[in-house]
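Below are structures written as structure tokens.
First subunit A sits with subunit B, and in the next complex the same chain sits with subunit C.
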Partner chain A sequence: MNTYLLQLKRSPRAIAGIAILLIWIIAAIAGPSLLPYTYTGMDMDNQMVAPGEAGHLLGTDALGRDVFSRIIYGSRSILTIALLTSLLSSIAGIIIGFTAGYFGGIVDTIFLRIMDILMAIPPLVLAMVVLGILGNSTIVGLTIIVSIAFTPATARVARGALLTCKSNEYVDAARIRGESHLYIMFVEILPNTIGPVIVEITARFAYSIMMIASLGFLGVGLQPPTPDWGMMVIENKSLIRAAPWTVLYPSLAIASLVIAISLFSDFVSKVMINEE
Partner chain B sequence: MKSEPVLEIKELDVAYHTLTEMVVALKGVSLAVGKNEALGIIGESGCGKSTLFYAIMDYLPISSSRSGEILFKGEDLVAKTPKQMTAFRGSKIAMVYQNPYSSLNPSLTIGFQLEEVSIFHHGMSRSEARMAAVETLSDLHLGDAAGIVRRYPHQISGGMQQRICIAMALLCKPDLMILDEPTTALDVTTEAVILDIIGELKDKYNMSLIYISHDIGVVNKVSDRIAVMYRGEVVEFGNQNTIYKNPQHPYTRALINCMPRAGVLKENSRLNTIPGYVSRRSAAETGCPFVARCEKRNATCEEKYGMVERQPDHFSACDRAYATDIPDKVLAKEKGAIPEGSEPEHKTILKIDNLYKYYGPHGKRIRALDGVDLTLDQNSVLGVVGESGCGKSTMGHTVSGLMRPTRGKIIFDGTDISVSWRKRSPEVLRDIQLIFQNPGRSLNPSFTIENIIGRPMLKLLGIKSKQERRKLIVDILKKVDLGEEYLYRRPKQLSGGEMQRAAVARAFSIAPNLLVCDEPTSALDASVQASVLNLLVDLQKDSGAAYIFISHDLNVINYLSDYIMVMYLGRICEYGTKTEVAGSPRHPYTEALLSAVPDVDPSLKKGEIRLQGAPPNPTKKIKGCPFTGRCHRKVGSVCDTTPPPRVNFSDTHFAYCHISPEILNSEISVKGIEDPADEKVI
Partner chain C sequence: MDFLKRFAKRLGFTLLTILAMSILIFFLVEIMPGDVAQTVLGQSATEESVAALRDRMGLDDPLHERYLRWAGGFIRGDLGESLYMRGVQINTIFWRKVGHSIVLAFTALLFYVPLSILFGVFAGVKEGKTPDAIISFVGLATMALPEFVSGIILITVFAVGLDILPITSVIPIGENLWQNLEILVLPALSITFVMFGYVSRMQRSSMVSVMKADYIRAAILKGMPRRYVIFRHALKNALLPTITIIGMNMGWLFGGLIVVETLFGFPGLGSLTMSAIKTRDIPLIEACVLFITFIFVFSTFITDMLYAFLNPRIRYKRGDV
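This part shows the complex of A and B:
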């Protein structure tokens, strides 16, 4: 544990990333209860006021809704969905990738081809089409669709991690002890692939944020009035000259969160490599 | 001998700076290599051998510091800038590394890589360089030099690759060549050829050599003088014969006694072990580096410590190797050897009948086992020896159930077990255990030692209670010299020897009747190997289990086995009791193997049989004897066309060879490993 802290101390970028991420997490958890405005509350006297005026820290939009409050509320849904998708797609990826890699041969070929087919469709397009057909997007629906779109990539990572461990002799030792396949895969091998898996989960987290923001921007994300960062950008695009803050601050929110997670994920992968 | 030294190292210190501390890698190293002299450097891993080599070449990482003097023909290399060093690297000091495959570029032809050297260092044109390359290759006894230069590294064998690396070093026409464990990754037969070549070339090119190895036997073959290193210091330095016959430093003596060697057998002696392990050295530490593990330490030894010329041309930092105030443990242990007359019971436990194992698809089949017959008695140890690729591991893995034989039967205790592990009964799985070569890979790094040893107990013995299991685990840990505190440790927190002992404990925790050991000590240092071998001997004696002990090292096999089986290309060459096979080998291949084994005692000289080439392609079906292409006693065309008949020499001793039994019995061209009656402790 001590070496992690030492390595963290030497990496200002990782510290910056973790700090920004923590701020967002705290904002998502505690923010809404502290805010003077709700995300739907319209201040009819102060429409499109500039940041800092009339008690609106980041200004208001055309309907007089407080931009700051909407961003803070928006962080809740985006963080929840991103965290869930990165976890769900990693779990699904581990199950599929491990099964394919462990049994090898024909099982491997079939699984890999199915994954190849899924991978041939860009995840964004896949999610967009499915969400478009299904119509109303809820947090649950969005999470499941994005997870499915991400699974082929995580399955490949998990399969690769399993293959490097599978050649180790402790696997052979478990076999000639008569252990079941499930035991070997998930008790013997899984703990030793945790490094690449954690790296993949953190990287996936950043991708999920971008994906959800993109889906919101394209109008198939969470539906109004739920505040969604991507949706906030597209809603206010006509105001980009008159009230640039309505577009700028949600965009900055997306960027800062993605950058923070990427910095954190870089650090995690570096630590995991050092661990080897 | 007292000619102007080519390389003289004076008081060289090297330290590495890590995140948290400073580690001393070399301390006050002083050495000299004269013209046309070969200096051997031995020591266990972590003793600074390779660091010394990197320090000479200025290849140390940025996080290190270096002080002292390295005089190469009078010029101090420590003071040179990296740019000035390029004039020395390669052209004046050449080097050969341990792993030839990774030192050659796989995407360039061998010729191109050899030519580069002459073009860069001597400004030759490409055609001149090609001629020089071909010429040097023929110096290395590489038959078809003109053909080899057109090939890529992966198209030639490991032994040839290493010769290419040596040729590369030679093309620079260096004054000094440094070889860092150049034969460690190679088979003994190939090693013997390369060591011969190195000795020959040294004289031909009038070079000086520094030969780094962990194996005294190998160093003996090429070096005139030997330096023994321990924890970054040279503790003893002298002539090879005096080092062996009359070691002054307790470490040198202990190390020699650790090694399984001619005349040392489990029946007459235990191997010496050195307690503890090579620990990192901090900057604050002074005095004798060996003091913590030394059996001969006393109150005065710290102050007397220092490099002194004890005998003419024999320097040592300590002279207490034979100190009499503390009794010799080495000799005392002798009495603990196996009592005479404990005849193995003749109850057959394992019978292998005409076993075949093929890998790969039709057409490109690799014949790993090509008709092996074998019987093994309870309470006996069968040593299986052969070069890599001879099928010894495949046999071990087939017996232990990791793979299913293609054809043939394996009868274990009356049941046919020629099926894979999934179809074996829990009793058979329990009865046959396997110990792997690399404990770092065979113990799951995510588990504690308690879990690792406890799992087979739960799974195969059905001991459900955790307390009961823990009690048994502590007992078995005690047997392998590990304390209770190891229960909660993970493999990464253990040293290599401790890990292998934990692996042995896991195998023995469920009282198997047959233990397959697949090169269990070849990844370990001499002193650690000795402790694991002693342990295996003791446990075998206590449990009465039978062993199949697979190793490439004939000295180890000779120490531990009751029977020896020599394999070549998936077939048995020779089988017999230890004294029969190692004492009077009959098959030409056994002779060649025996004569290739490096001797720890430099005065022993066995026959000089050198095998050229590599074993034939295992995908081709062999009509005659598999050894025919490399055999030095080939009878004639019959060897190529007819499989060799079985020749019996006694009830237990047989070989497969075309040479008539009379000739095999009378003409013994290689002296076997010494008579066991002749006890040897240094």
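This part shows the complex of A and C:
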């Protein structure tokens, strides 16, 4: 544990990433209760006021809604969904990828072919079509569909990680002891692949944010009046000359969050590679 | 011989993938909740007219018959009739939009391929030094941004701030894309933002490993000009992984086009797909998604073949497919 902290100390990028991420997490948890405005509250006398005026830190949109409050509220849904999708798709990927890699042979071949076929459609397109058809996305629906769209990729990573450990002696030892396949896969092998698995989960977290923001932007994410960063951008895009803050600040919120997570996940993958 | 064998095997698998995808897309879209004919005609339509439309569209036929009819039409080049724009053959609008998207994609390629290779080589040669740190940070940051975020930043700077490029990429009625080339710049730059990170990182890491090879050190020690060694000897070998990454990302690029085209209102395949989804225009959704898949699968296939062809180790060895 100490060596991780030491390496972290030497990486200003990673520290910056973690700091920004922590700020967003705190904002998401505590922020809404501290805000003077709600995300639907319309200040009819102050529509499209510039940042800093009339008590609105980041200005208001065309309906007089406080941009800052909407951004803080919006951080809740995007962080929740992204965290859940990165965990769910990684768990599903481990179960599927481990099963294929462990048993090998025909099971593995079929698995690889199916994954190749599923990966032929970009995850964004898949999620967009399904969400568009089903309509009215909820947090649960969005989480499930994005997780499914990600699973072929995570399963491939998990399978690769398992293959590097599969031929180790402790696996043979467990087999000779007469342990069950499930025990060998999840008690013997899984802890030894934890490095690549953690790398995958953190990288997936960044992808999830990107994906959820993009789906919101395309109008197939969470539905109004729930504040969603991507949706805020497309809703106000026509105001980019008249009230640029309504578009620019949600974009910058997304940018700061994804860049922070990328810096963190880049650090995690470097640490894990060094360890090997 | 091995190359041909690999080619045949890959081609077979590519065709199989497209077949499987076409089935998946068809069933995914066809299980859409609600009565399609009712949706098209609106709630006020009479029962008879709904029934007549169902009959005309063949909606009451078994699913597999409808799939075969649809897939058959596709193979013959008949994409069917749009549901939303009634009476319009999809073929009459589809290919023009695809053409626009291809022009946009190539403009983006023209921007980001030389740029990322150049910076990747530079970072690789300066491994561990300040330029390397800056380039890799910029790459990491831009790669993480969704296309519409980089697009908004570009619009704010170049369209709103400097006012030198248009905010939207709409083609005025009665004109064509070639008369409005400036509308390509910001969308293509938005894609460049995302792709730069991937390609330059790949180029950097392959450059770093090639620069450590014995033949490069020998060439430098022999007294050859460093620039010559970098561009003639090292780059030639360090380009292979980059080509692969560019080819493999073609599908990604077309996925990203949906977001970019929606942001700029660019009349291409991406915004067509989006409006098809919004209007629940089933035949059009199917055509768009299948076409995107098709581009992705074939660019992967071509990349793979190019890689095998350019890499003598695969060209002459028994290929493991």
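Remarks
Definition applied: the second predicted complex is superposed on the first by the 276 of 276 C-alpha atoms of A that agree within 3 Å, B and C clash if a C-alpha of one lies under 4 Å from a C-alpha of the other, contacts with A are read in each partner's own complex, and residues count from 1 in each chain.
As a working rule, a residue touches a chain if its C-beta (ideal position, glycine included) is under 8 Å from a C-beta of that chain, and two chains touch if they have at least 3 such contacts.
Bear in mind that the values here come from a model prediction, so they are computed numbers and not experimental data.
In this overlay on subunit A, subunit B fits alongside subunit C without clashing.
Put simply, if you stand at the Cα centre of subunit A and look at the Cα centres of subunit B and subunit C, the angle between them is 90 degrees to the nearest 10. After overlaying the two complexes on the shared chain, residue contacts for A:V129 are found with subunit C alone; subunit B is out of touch. Contacts of A:L34 after superposition: neither subunit B nor subunit C is touched. Of the two partner chains placed by superposition, A:L5 touches none, neither subunit B nor subunit C. Once the two complexes are overlaid on the shared chain, A:I106 sits clear of subunit B and of subunit C alike.
Legend: residue contacts after superposition of the two complexes on their common chain; A:D172 is shown touching subunit B, with no touch to subunit C.
By the document's definition of touching, of the two partners only subunit C reaches A:I261; subunit B does not.
Here subunit B and subunit C are compared by how many residues of subunit A each touches, and C touches more. The least CA distance from subunit B to subunit C in the superposed model is 7 Å. Of all the residues in subunit B, the ones that touch subunit A in their complex are 19-20, 400-402, 421-422, 424, 426, 429, 432-434, 436-438, 441-446, 455-456, 459-460, 506. Against subunit B, the residues of subunit A that register as touching in their complex are 3, 6, 168-170, 172-179, 188, 191-192.
Listed in rising order, the residues of subunit A touching subunit C in the complex are 13, 113, 116-117, 120-125, 128-130, 132-134, 206, 210, 213-214, 217-220, 230, 233-234, 237, 240-241, 244, 247-248, 251, 254-255, 258-259, 261-263, 266.
Only residues 13, 16-18, 20-21, 24-25, 28-29, 32-33, 137, 140-141, 143-149, 152-153, 155-156, 159-160, 167, 251-252, 254-256, 258-259, 262-263, 273-274, 277-278, 280, 285, 289, 292-293, 296-297, 300 of subunit C touch subunit A when the two sit together in their complex.
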